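In what follows, chain A forms one complex with chain B and a second complex with chain C.
Take a look at the complex of A and B:
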């Protein structure tokens, strides 16, 4: 399972350019699902029969896209200016990147310290101060390889920092995708739909279409979430902590989750000995907001992987939490279809 | 009127914690009428006219008021909370809160803290001696509602905490009992999570697909000391027909019809623009295939505070106006 996660994290799939990721997932699940198709918005949908027909339509969702950059201008000196998709500029200087489908090597440049006035040192980088250097010496040379609108993803190796701690890009939300793939490969209790959504980082756009076409009654959104258990953060602002299990939020910036499903997840986790925690701050947002409020609406639950430095080139997570996320989703899949319609 | 309003005050609600009032309504009306629930838990009571292919009129009020959600429990048993909606903290301070499991507590500012609109400086004391006891009573994610209260005041006014919400519900219950239409099916919808950017309203019309929708809600009355607002409604103005809000321009067709009926029947009314107010009519008008929406309001002083005050004559005007409008659509 970890190998599958590592493979998925190594693929490039900046919002709007998720083709590589979705193709890989499609091949991976095809032998195990009853049907696999792309919807009108390009989300990848799979349906798998279980042993029983559920009382409610169950959908598991994870987003296939990742944060990244997009080229907005090619300068006379061959450097590239860019816009962001979900990344803070301060995390970017000197990062290695891949530009476009051809994965051209580049590096994010900024002024060296020698050229920054003393009064400005220590200030956070701003987008207007940054550019991508692909080694081109002129605009015409750069234009041979790059076009405005090309996506830019991080060139970041997936490595285990210690026995249980993984560093990789795009853990948000290839971890969720891996959980869904694993579910599809397993024997299911109830007929279940799965959707790998696009453009979550652009405002949960893919999920809007998916919610309207699949019309779920219950949607479980498998995600990654901010762990701020780092030096200097007071306990009540740590949100979630690595090593404390799967994160099941009661609320985030976009959604007040179903209280019944939240209680059910906690109860199942306790019964099955699965480590879990909840978020101690209301922050962030996921595809759940669109699933909850599109069409006639549905009950939503989030099951997330605590991740440090989320939305950067170096996400850090604990694989024991990942296993807990996976186990909790599996256990939920065994009971959700049996819930009544009240 | 005050009796039903007092009865409705027995059900403290906050976004996501509307089950008490919705269960009460469902139990009270399910034998006589059809009941619909959707994925956001909105409750709709259906009153059919008995004709095939009848048009559908949806009448909508919210059921929630601003509240809090528990997001952290300290070792000494104090709860830390996040706002659900926009409760005015300075009006909630030292006020009583209740969870839907019935646990009571008080919102208290930290010692020496300035009273600001930032929950980081407040805690909720439920009397628990330590974290373990607090967690057992009010686990993370539990919702705390302010306790509504209404009293009859001088001049036919009604005042208290959460009055805007319960008065709105009472209007819809009046209409449920009294409004009739020969040609239209009537859908009385009680929405959830209105204080969270009208989230419940967003799904409420999807399955119903109404032809017309009328929303009922409070609007700020500015007849208070030091207010210099002009052109907006005040207590005693009657039914307020909203011509424009911050995010919506209600149906001109329905607005003109409402104004004509009010003139004809001499129902006190006024038409106003509220540039900084949002209305569920905005999201309902865009839900599914869309519909013609009208927003009707009643003036209320100090909305969101513990001293919301409405005028019972305005409520009577709304009841009369919407009843007449519904019968002619």
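Take a look at the complex of A and C:
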């Protein structure tokens, strides 16, 4: 199970360029699902029959895209200017990246400390000062390899920092994708739909068309969520903590989750001895907000993996929380079809 | 040939030599240097400050001695506190820019080598000044992913750390890596020595892989009391042209070696290096660094009884970061100039125009 997560994290799929990730997932689920297709917006949809057919449509969703950069200009000196998709400028100086489909190695330049004027020292990095260097000596050399619009992802290997703590890029949301794949591979109680959405990091866009075409009654969004449990942070600001189980929010910056499903998730977790926690800050947003509002609207629930440094090259998460996320989703899949319709 | 330089660089890079901790890696540096130079050196020693000194003895009697220096130490970090929940506080060793810290990855050398990630600074510390200034260095913690109990068994206050910066090939002959400063110059020197091994060069050559350059130059200073040379070349990295870096302060990547002219280094020795570059048609740029070069040359020039010293350098971008960037062709130029200098030093150092060493005009020198 962990190997599948590592493999998915190592694939590049910046918002808008999720092809590699979706094609890997499709191959992975093809033998297990009853139908697999790309919808018109390019989301990957799968359907799998369970032992029973419920009187409602249950959809599990995870987004396939990840944060990254897009090249916007090739400069005379061969360096590349970029725009970001979901990344804080402060985490970018000197990070390693892959540029474009050819995965050229590049670095995000940062002026030597020796040459930074005294007045500017100790100032935060600003986007307008950042650029990518692929070693090109001129614009014409760079243009042979790179085009404006090419996407850029982090070059960041998966490393186990300790027995249970993983460092990788794109944990957000390959963890959720892995949960869905595992469900599809398992025997299901109820007929269930799955969607691997695109463009979540651009504002939960892929989920809009997925919601409109799938029209779920219940949607479980499997996500990663910000853990701010860094030493020195007051407890009230930690949001969620690594090692304290799957995160089930009652509300975030985009969604008021179904009270009923929230209560159900908590009850099941307690019953089955699955560690869970809720988010102690109302922040962030997931595909749930699109599913809640589009189609004919639906009841939504989030089951997320607490992740530190979530929109960076080095996400850090606890594998035990990932297992809890998987188990809780599995248990939910066993009962959701039997819920009343109101 | 650039593949030789790169493979020597990788060997040296794998040895931990954070400034102040060189002695831990010194034996490994020495054996690596001897191994890659095919018998060029006849003897070697490790100084008390962790510098490695390697000697090539000429067959010629009373031959002049050329000292070639590059520093083996690197910038890094040192653990200053083991905090709660598996986080470490660190302090910089050498010049480290706080801008690069958030999510930078590190290796921590405790009882075993472990990995860590610089955590993002919590919002209440990140914006405590309410402006665009960065938090204090001490507010950036390293996340080791380990429980405190486990961590204290492995890591102690004072343990060294380095930034993770694997070597990757970029376009053309460009590479990016941590610690090009100054191990790429150490590699250029050893590659030049390897090239000359088995040939007769007239001068004696002393190679100094010095400690402590990133923290005040103590290695070159103390080594001057064990090496005695007629002329010296300090090799270091210099600024490559980047955005907002003036041309006069830098050289473009791909434009070859850099040779510094400075008031604090020796003009005669510098002119010998320049001649040797021109003799071999080796690409180079002359750069003026008037009141100091920021390299070991400033020390070597005056340490002990003084040694005329020149500065030869490899232009790199993003100095003191885990993604330093250089052209291997430029490094090869530096190595080629060194080869020419070793071949011609004896000749030039004895010619009137570029004579080096003590010149007695009358009577005896003071003993």
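We take it that the second predicted complex is superposed on the first by the 342 of 342 C-alpha atoms of A that agree within 3 Å, B and C clash if a C-alpha of one lies under 4 Å from a C-alpha of the other, contacts with A are read in each partner's own complex, and residues count from 1 in each chain.
Simple rule for what comes next: a contact is a pair of C-beta atoms (placed from the backbone, for glycine too) under 8 Å apart; a residue touches a chain by one contact, two chains touch by 3 or more.
This is a predicted model, so every value here is computed, not measured.
Engineer: Put the two structures on top of each other at chain A: do chain B and chain C fit, or clash?
Structural biologist: Here chain B and chain C can both sit on chain A without a clash.
Engineer: With the two structures laid over each other on chain A, which partner does A:50 touch: chain B (first), chain C (second), both, or neither?
Structural biologist: Neither partner.
Engineer: So, does A:77 touch the first partner chain B, the second partner chain C, both, or neither?
Structural biologist: second
Engineer: Applying the document's definition of touch, where does A:259 land relative to chain B and chain C: first, second, both, or neither?
Structural biologist: Once the two structures are laid over each other on A, A:259 reaches chain B alone.
Engineer: With the two structures laid over each other on chain A, which partner does A:285 touch: chain B (first), chain C (second), both, or neither?
Structural biologist: After superposing on A, A:285 lies clear of both chain B and chain C.
Engineer: Once both structures sit on top of one another, what is the angle chain B-chain A-chain C taken between CA centres, to the nearest 10 degrees?
Structural biologist: 130
Engineer: Looking at A:231, would you say it contacts chain B, chain C, both, or neither? Reply first, second, both or neither.
Structural biologist: second
Engineer: Based on the superposed arrangement, let me know which partner A:299 touches: chain B (first), chain C (second), both, or neither?
Structural biologist: first
Engineer: Name the contact category of A:145: first (chain B only), second (chain C only), both, or neither.
Structural biologist: After superposing on A, A:145 lies in contact with chain C but is clear of chain B.
Engineer: State whether A:113 touches chain B only (first), chain C only (second), both chains, or neither.
Structural biologist: A:113 contacts chain C only, not chain B.
Engineer: After lining up the shared chain so the two structures overlap, which partner does A:42 touch, if you call chain B first and chain C second: first, second, both or neither?
Structural biologist: Neither partner.
Engineer: Looking only at contacts as defined up top, I'd like to know whether chain B or chain C touches more of chain A.
Structural biologist: Here the partner covering more residues of chain A is C.
Engineer: Just to confirm the value: shortest Cα separation between chain B and chain C in the superposed three-chain model, in whole Å.
Structural biologist: Minimum C-alpha separation, chain B to chain C: 13 Å.
Engineer: Looking at the complex, which residues from chain B come into contact with chain A?
Structural biologist: 15-17, 38-40, 42, 69, 71-72, 74, 80, 82, 84, 140-141, 143, 193, 196, 199, 202-203, 206-207, 288
Engineer: Enumerate the contact residues on chain A facing chain C in the complex.
Structural biologist: Result: residues 77, 79, 88, 90-91, 93-96, 104-116, 122-126, 131, 133-137, 141-142, 145, 155-156, 159, 161-162, 164-165, 167, 228-234, 237, 308-309, 312-314, 316 of chain A touch chain C.
Engineer: Over in the complex, which chain A residues touch chain B? Could you list them?
Structural biologist: 217, 236, 250-251, 256, 259, 262, 278-282, 292-299
Engineer: Which residues, counting only chain C, touch chain A once they are in their complex?
Structural biologist: 83-87, 95-100, 102-105, 114-117, 119-125, 132-134, 139, 141, 143-147, 150, 166, 168-172, 174-176, 239, 241-245, 249, 252-254, 294, 317-323, 325
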